[in-house]
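Chains: A, B, C and D, in written order; residue numbering restarts at 1 for each.
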Amino acid sequence: MLEELKARVCEANLELKRSGLVILTWGNVSGIDRDSGLVAIKPSGVSYEDMRPEHMVIVDLEGRVVEGEMRPSSDKLTHLVLYRDFPEIGGVAHTHSTYATAWAQACRPLPCYGTTHADNFRGEIPVTKRLSKKQLQGQYEFETGVAIVRAMEGLDPLHIPAVLVANHGPFTWGDSPGAAVENSIVLEQVAEMAWVSERLRTVYGDRFLKPIGRELQDKHFLRKHGKDAYYGQ
Amino acid sequence: MLEELKARVCEANLELKRSGLVILTWGNVSGIDRDSGLVAIKPSGVSYEDMRPEHMVIVDLEGRVVEGEMRPSSDKLTHLVLYRDFPEIGGVAHTHSTYATAWAQACRPLPCYGTTHADNFRGEIPVTKRLSKKQLQGQYEFETGVAIVRAMEGLDPLHIPAVLVANHGPFTWGDSPGAAVENSIVLEQVAEMAWVSERLRTVYGDRFLKPIGRELQDKHFLRKHGKDAYYGQ
Amino acid sequence: MLEELKARVCEANLELKRSGLVILTWGNVSGIDRDSGLVAIKPSGVSYEDMRPEHMVIVDLEGRVVEGEMRPSSDKLTHLVLYRDFPEIGGVAHTHSTYATAWAQACRPLPCYGTTHADNFRGEIPVTKRLSKKQLQGQYEFETGVAIVRAMEGLDPLHIPAVLVANHGPFTWGDSPGAAVENSIVLEQVAEMAWVSERLRTVYGDRFLKPIGRELQDKHFLRKHGKDAYYGQ
Amino acid sequence: MLEELKARVCEANLELKRSGLVILTWGNVSGIDRDSGLVAIKPSGVSYEDMRPEHMVIVDLEGRVVEGEMRPSSDKLTHLVLYRDFPEIGGVAHTHSTYATAWAQACRPLPCYGTTHADNFRGEIPVTKRLSKKQLQGQYEFETGVAIVRAMEGLDPLHIPAVLVANHGPFTWGDSPGAAVENSIVLEQVAEMAWVSERLRTVYGDRFLKPIGRELQDKHFLRKHGKDAYYGQ
């Protein structure tokens, strides 16, 4: 069932590997079929080397396995919270990519320091609150999803399709599994650039490098997104 | 038309990708035929994987599409300003390469800290002024070109074939599309080295690492450029 | 003899090279056959390019060569101390990977700043004491092993399967040669992330970035390890 | 003539490229035949892609071209000073590799912070003095060689087979062209590690990270070099 979705989810997982964002068996991507409410997700802890579409696991929005012989990603419940709360998204990706994870470890939101960021994200990437002891001991992956949703309050998920989970790493999403992975790629790139730029700032004696203004932010985001976009074909 | 130019522009765009300066569909290179005043430029937002010479778009210096089925790069107007104001150049390249962009995000000119820089650029790489709200809301890409030209005032474009656009990233140029790309490669390399070197400086207690002197700068630049050059064959 | 072990040890050494943790002839991996008490180890200073299983050297736990035409790794005695003191381990790996070695050079233990670390290591990675002049002039590689065992006092070697040897570099281990190499890969990754994260911390004015709490540490480690693990197949 | 030497010099140049130490046409390696006093060196500014042994240029120790259709490397005179002053060396390499060049740009000698450095270099890598205006305007490449020889005063060139030329970059050498390149590879690696380690030091509040002691330095260097070496086959 859902052969095309499984193929796209498998391909998006492999793209995660090819783009250098994950090592070993790390990371996971899923995609949703909104008609049936079913999600295809990478199996837990399997090698990317011989991953094929038929290995993807189909689960429903409550997390029950509907098809597949393998156990789904241990981060499954986090993905499902996002699909339930963000009805406009079609895919979710999770990595431990180096720079995005470093910002997450420092529990800092990622400021928008330039047009590379603005082209893809309409403002700062938020960081979640740390989970409480109780949340950690409860349904941990579900609580992680809830913390992400809270960090996104008041934001449009397709304008800010990424979040940093405190002490953990990034989750990204998009209108498709492939778009979710592309946002992971861009997030890692801008996380590195922001880190490098902040190290430069002290030369002028400023304490903080300032994020770019709203006008430049919007100019670039809206060049690529929305009805007046004029980037691409 | 202009088959040879389109082939060279396509190849220069592919070199941008191969050299690791761009990811996804980022970056763009163009080249000009000075006899006809026509420019070949990468189409906007297309994949590098199957890019071919016939995809290049031909535009005139006012930006009208003369040939090509795809929309030209959204940065087209910036390229055109440079061709109009710098009659000695034959190609323009734009990337969001990591270190050059980091300096641009910090709005800092790139100092010449060594012979690697001096071999290719005769002095500091300037940074543009930030665009005003009015410029951002006007013909943005045209205004970006104007800001570059202003930042280059008093400089020879073939001696300083690069600029950092504030909060954005680098533009480079050269006597051909390939030379423009080569300058992007060197700029990224020296931007990284300068960043690493500046982090070392505090060991001696100096506040700032000093740029090299004019004599060493000129010695190296003129080894490779101009009538007394003796580098190469 | 021990053909299967030699094949696995050879493959683990090659994986060290493929994963980019070693250059030239650096690094070494060994594996033990607990029934016979014999260890297969990489020969000293040989090229990875044409390394084959039959090149692995078999030594006993006192370091005597039992089979093989080449000289065993000069770090042999360090490996053997670990096999004698940690009966639960099956493989040992040693690299000079960039970030892990940088922490070792600074003689700092590696704090656990996030779940990437916690997934694989149950707490801080210890650093050994520096060797005394007497230890350096005695059986140096044996003394290195002793220093590692001391640094691990009170720790479960399969919960903290890595150590930083002061002024030198990392040793890792696991229940197999492949697991030892995987721990080297993860250690390098988290050493880099921790380094990047610590540079970010000063933005908030804190002097030190704080390690994550015990609950998050245990939650992640026990998701992947022990009887209640639910990561993987 | 000297076909074998030209083949080895060509191969060593290609290894420079493969190891990622040079981009474009940067870098150069030479080798000497001590019997004839003739040196084979890379031609100036040629592409690595189709470099072949017959392209190597043969020069005598005064710099006169003895064989070859191309112009020799513009750094030829620096190489020749080294061959004349260090009779024990057989090859010289020059790169602008990122970290070694960054230290050179900061005009700092590279301290020995660990065994990776000590395995290959018996102590700190010296940095030359800056050239005077007069030296820059004279025989620049010859003066660079003289500055290197001065920086090496009192040091054994095969114990410290590398130097950082102030504001420029590294030169390395060895008993063969291949050994010279290997020393360039190791130098870049330890230059990066030292840079990373120094950034860590401030955590303990120390102003400077201290180099390792003489005993550990000698232990490691002499494990690999000299009559009591026991590393390798």
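Convention: contacts are C-beta pairs under 8 Å (C-beta built on N, C-alpha and C of every residue); 3 or more make two chains touch, one makes a residue touch a chain.
What you are looking at is a predicted structure, and each value in this text was computed from that prediction instead of being measured.
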item: Contacts common to subunit C and subunit D (chain labels); value: none
item: Rotational angle, Cα trace of subunit B fitted to subunit D, multiple of 5°; value: 90
item: From subunit A, the most remote chain by mean C-alpha position; value: D
item: Same-residue or different-residue interface between subunit A and subunit C, half as cut-off; value: different
item: Subunit A-subunit B separation of Cα centroids, rounded to whole Å; value: 32
item: Geometric centre distance via CA averages, subunit C-subunit B, whole Å; value: 45
item: Multi-chain contact sites of subunit B, meaning residues that touch two or more partners; value: 199
item: Full enumeration of touching chain pairs; value: A-B, A-C, B-D, C-D
item: Sites on subunit B touched by subunit D in the complex; value: 19, 113-116, 182, 185-186, 189, 192-194, 196-197, 199-201, 203-204, 209, 212-213, 215-216, 219, 223, 230-233
item: List of subunit D residues in touch with subunit B within their complex; value: 23-25, 43-46, 70-71, 74, 96, 98-99, 101-106, 108, 130-131, 133, 136-137, 140, 167-169, 195, 198-199, 208
